[in-house]
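Naming follows writing order (A, B, C, D and E), and every chain is counted from residue 1.
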Amino acid sequence: MTSATVESRRPAPGGTAGPRRGRPVPAGVLGALGLLTLVAVLELVPRLGLVDDRFLPPFSSMVSALVDEAGTPTFWTALGQTLRGWAIGLAVALVAGVVLGIVIGSLPVVRAATSSTIEFLRPIPSVALIPLAVLLWGNDMKSTLILVVYATFWQVLLQVLYGVRDVDPVARETARSYRFSPLTTVRTVTWPTALPYVMTGFRLGAAVALILEITGELVIGTPGLGKEIGVAQSSGAVPQMYALVIVTGLIGVVVNLVARWGERRVLRWHPSIRAEVG
Amino acid sequence: ACGSSGSPTPSGGASGGGSVDQVKVGVIPIVDVAPIYLGAKKGFFDKRNIKVSMESGQGGAAIVPGVASGQFQFGFSNVTSLIIAKSKNLPIKVVAAGNSSTGVDGKDFSAIVVKADSPIQSAKDLAGKTVSINTLKNIGDTTVRQSVQKAGGDPSSVKFVELAFPDMPAAVKEGRVDAAWVVEPFVTIAKQQGDRVIASNLVDTFPKLQISTYFTSEQTAKSNPDLVKRFTEAMNESLTYAQEHPDEARDILSSYTKIDPSVAKEMTLPLWEPGVNKESLQKLADLAAQEKLIDNKLDVNQLLN
Amino acid sequence: MTSTPTSSAPNAADPQRDGTAEPILDVRGLRKIYGSGDGAVEAIRDLTFTIAPGELTCIVGPSGAGKTTLLKCIAGLLDVTDGEIRLEGDLVTGPPKGMAIVFQEYGRSLFPWMTVWQNVELPLKEKKVPAAERKRLVTEALEAVGLADVHGAHPWQLSGGMQQRVAIARAVAYEPHILIMDEPFAAVDAQTRAELEDLVRELWHRLGVTVLFVTHDIEESVYLGQRVLVLSNRPTVIMEDVRIDLPDERDQLSTRSTKRFAELRAHVYELIQQAKGGRRPETTARTDEAGRRDEAV
Amino acid sequence: MMSIVRRAVLALGLPVVLVAAWWFATEGSQSFFWPPLRDILGTFAETWWPDRIMGDVVPSLLRLLVGFAIAFVLGVGLGVAIGKSRALRAYLEPVLEFFRAIPPPVLVPILILFFGIFNTMKVVVIVTGCIWPILLNTVEGVRSLDEVLIDTSKIYRLSRRARLWYNILPGASPQIFAGARQALSVGIILMVISEMFAASNGIGFTIIQFQRTFAIPQMFSGIIVLGLLGVALALVFRLVETRILRWYLGLRAAQRGE
Amino acid sequence: MTSTPTSSAPNAADPQRDGTAEPILDVRGLRKIYGSGDGAVEAIRDLTFTIAPGELTCIVGPSGAGKTTLLKCIAGLLDVTDGEIRLEGDLVTGPPKGMAIVFQEYGRSLFPWMTVWQNVELPLKEKKVPAAERKRLVTEALEAVGLADVHGAHPWQLSGGMQQRVAIARAVAYEPHILIMDEPFAAVDAQTRAELEDLVRELWHRLGVTVLFVTHDIEESVYLGQRVLVLSNRPTVIMEDVRIDLPDERDQLSTRSTKRFAELRAHVYELIQQAKGGRRPETTARTDEAGRRDEAV
């Protein structure tokens, strides 16, 4: 008997429990609705006079300022510079965080030996390191990059450490009993277990990297969106400033979409995903 | 790195041949530095074989270490910060004037503003009130206290809070602070929202108080005196030109700031005078010592060449 | 299958079919397909049966037949693809009141952050059973499964069989109207198993609870049940509804050694073997139709 | 079981090596911005004891703890709601992601508009930074709860409250703690950042003040204070965590039969 | 226990005791205490036995006796508290080469992120079995457990019994020297169980593998094993080492209906019942000593 794979006559509801409902509204539509709500709030709060529109202009003026900005090559150059710095910093931090996280997390001795140092270094804010970075690299991209890597690395590392801790003892014993090499154990047991944590680490890290990239540009003056925001701020150009802030926010939204998309791909087996894709 | 730079043709200047010096100047992208942008555009640097590029940072935290370590050859900073730095033996030298107060009470690029309906009528009334300044223990508190003292109030009872200039108009409007020390373009923006100017703190401190200068590291000053000399000359020419052509100075703002043109037109520009004003600097140094910003009195000659 | 030494489905179902005893459970045309599109798996094709109040029904069938799926549908934990399930007349849309389940994945059904005692007590608390009564029920249930002495341990400090018994104790202490058990004794030793079988029958007698009991042990199904529903291979249909006409008073030694017991056991065994072999009970027409549908994919 | 001595050696070994390396590397340093560690430690006591401990460290710590507590409650509450409801998650996620990507220094002007310039604003800044790791981890923790346990809760008709208390929160707690742990460190960072605005006291304010006034050894001593604060809070956190997650750590440790 | 219709331990152990067949497994004075201080649980008190190469030994005992604990100690997955375990003469300190285990918690021992095929194939890859050979082994193993058609599914898409069979297939495909199975057939139906029992015996014959098999099914232990080790209640000691003197050629129908089979089954059943009742085989002196130790904890 072959497996009776059957085209369901009508779309079968997902494998999970729950009251029978109509077809769910697609996530994309709901998400767009959410953003629309935000837009409405941003438009209405100043229009209704809840705050002075000179300090928080209505959304429409932010958009028109954004349209103006988008017409200048400076904006696009700045956007490109920001994205580049962000991507490089995030990539470095991810690789370093994952590799070190797995090594430290898998070896109890290393973990015990490094934990106090990690706790010490972790809360030192990147911003406190700005003078040192400038000292070494001026306002070069490297200054901002080091801030981005430093701040993002800890986010990823901590997530990976917690992920490694979550390995199911029975799964670990299975790997041990079949004498998997350490590398195979990492690849086939530790890594898949930690993956959901890594995904969260990626999402946390992506935002932190963006934040530090922008902050670095703003404070140090490395070219990029942050510098433009700084200029707008010190020029009293409120709508332009918010226009640029909206761009950073949108980068965040896009990054999350990519992360979620990737998650559906690599975590298809995980309870959180399989409950949804059915 | 990019950033606005002067005319792209470096050679053919008035002064003799020699190689072109690539020079990075750390500046804050505000009105005060308009002359260097204007001078760069006019070719005042090029003709002295200096290819100048402006690197903007948010303040001393980014610029001073940059200059001290040679990442930038020159930097722009307020005088009090430099005095503090010098008092800590940071090896720096002032090389050119930055900008100064106009010296005209009520018509300066810096002002203390209050809400239109505020009971505060003069600096005297600031006693016991909260005033926002951009940096605590710096030129802001020093000069605001001078205004209060001059108006007959008790300067020691003024409470200061730190806010960024851009956030001050809102803070005044919403009553978060009683008064704010602002500089252009926020003086104009504050006025546009109806705020009142009650004092000109820089004017109250010293006639034509020079509040910022360009500086370099002692290392550069020693090893490349010729470059410093050429830079000073170019700066002086730029300052003079900017002072004489205020409309061009207002126009250049759009190349490195996002100041609204209508605001830019109305703003009071600072005074751009060549030459470092030693008495003015010494006044600020004395005030710094008096206010305990520095431990001992400082002779500003140490800052000069 | 030549000799059928059982009263077959029609009359076995009598009590429910006529109005005298309104069925407590009514499953009609149940179909369940997991997933959709390419990866769809038809676990249950077409199940129709009723259960009278207070009946003790065992369900047997090949591994992967869809027994767990069926139980989860009845419990309102899974949406059905087609057909309907009524419990006491109401359409099942979520977990109904007064039902307890012992899950096949017993290990995962215990809260690892609670002690054994807390695990058993929690549903009672939720049922607002007064503290004293609760204490009595938990104590009794844990004693009945032989775990009174480990009540302070966490589930992961217990052996597999002990975990399973905790899950049983929890269901028992709950005093449900309808008790669903999915291979509840798979991990316990023979002796304990026999004791627990008798515990189930005793509870059933005492509380008048309706029991649905999935097991792989054919002897167990015959020993325990009033009826044994034999399921076919996936996609599941009912092979036969075997009525167990053994006397109500059962005993591990004597009952199991009767001739009728042996006959029934052999018959169920035979049915399972046929089920595994792929035989399906209904008219070939239906099977063919399904076959065609399969090919269409 | 690790002996106490062994544990102490492990915990202190690397820090001692690093401090020694720092000490010798900066021993004869002439660089203004890299003062010898000796100078830094030399200024340590006079810089911080006792005025700044009471006047700066304590207020900072209070703001941090209040901010962290609010972020924890909000993050877990919102996280559970979002984790349980696919629709709510789909609706809110883009908006939350939008705000999450906005750097606190840019957010501050808006926060000033709504929360003023004093402690409330600073606490809100800390909350806006701390909440994300908690929220994200809670959402993911709730989403990956064991299905069999959820079914068990349903079958025994646990009330919403009981499900929250006995199933959802404990089940997600390992991941919630991962988030809270992150948030604590982020909170310290945000504490510093919040004190860059409208501050008149606090560790962050002090460090930035040192930085602006080129008091470099003092600035480093401030960074060291931050680090020590991080270690201290991490220790407290671990105490709480091992208490609350005893079941989980036991479950995970059961494998070596210890 | 009056009649002992078995050859009892002493002569059953003969082949190993003298030098002719060096034991493959030698367990001496094994003791295992979980935890320490207040919460300490003494799972195994004192176990000593040897197993000859190629033997098929079944282990039975009450639920919670310490069977899983014993297997994990032998597999080098748990540190022992006292005593020693030697495998082929070497002290066991970690999982030895050429061993495969089917865990009692089969569901959790499968990697949910891999398909059935990948789960079975992974250990072979680790063993550096060439691709073609690997394919053959995996295919055969999955066919043997009746899961050839679901090789692309993930474990969580399978029923409990199917998951358990995947874990069995993984162990079988590995072609171990020593195969440890912890209630491997608990979740499968009677028919499948019978087939798998025969599969184990066939593999054992074909590969000459040493098998340690924990089961709750007494019939199964007698049907499968050459020896049945009956364990006492916790803290565990050996009740009796029962030699199964049935002919090597076994058959589900004929073997199970022999008189000797029935005798052995009854004997083991009786032992288990005694074990459950708390009877312990050794001298009371020892128990007392340990009892005092317990109190001291």
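What we mean here is this: contacts are C-beta pairs under 8 Å (C-beta built on N, C-alpha and C of every residue); 3 or more make two chains touch, one makes a residue touch a chain.
Not measured: the values here are computed from a predicted model.
With steps allowed only between chains in touch, the distance from chain B over to chain D comes to 1. Comparing the chain pairs A-D and A-B, the larger number of C-beta pairs in contact belongs to A-D.
Each chain gets one centre point, the mean of its Cα atoms, and the points for chain A and chain B are 39 Å apart.
Taking each chain's centre as the mean of its C-alpha atoms, chain A lies 47 Å from chain C. Centres computed as Cα averages put chain B at a distance of 84 Å from chain C. Each of the following residues of chain D touches two or more other chains: 33, 109, 113, 146, 151, 154, 211, 251, 254-255. Annotation for chain A: residues 1-3, 16-17, 55, 131-132, 135, 173, 218-219, 233, 270 touch two or more other chains.
In chain B, 59, 61, 65, 68-69, 164, 166, 170, 174 are the positions where the chain touches two or more neighbouring chains simultaneously. The touching residues of chain E, counted against chain C in their complex, run 34, 41, 60-68, 104-105, 107-108, 157-162, 165, 183, 186-193, 216-218, 269, 272-273, 276.
Those residues of chain D whose C-beta lies close enough to touch chain C in the complex are 146, 148-149, 151-152, 154-159, 162, 166-167, 170-171, 173, 247-248, 250-251, 254. For chain C in complex with chain D, the touching residues are 72, 75-77, 94-95, 97, 99-101, 103, 105, 108-109, 111-114, 122-123, 125-127, 154, 156-157, 170, 174.
Chain A meets chain B in the complex at residues 52, 54-55, 77, 130-132, 134-141, 218-223, 227, 230-237, 240.
Residues of chain B touching chain A in their complex: 1-3, 24, 26, 28-30, 55-59, 61-62, 65-66, 68-69, 71-72, 164-166, 169-170, 173-174, 185-186, 189, 193, 256-260, 263.
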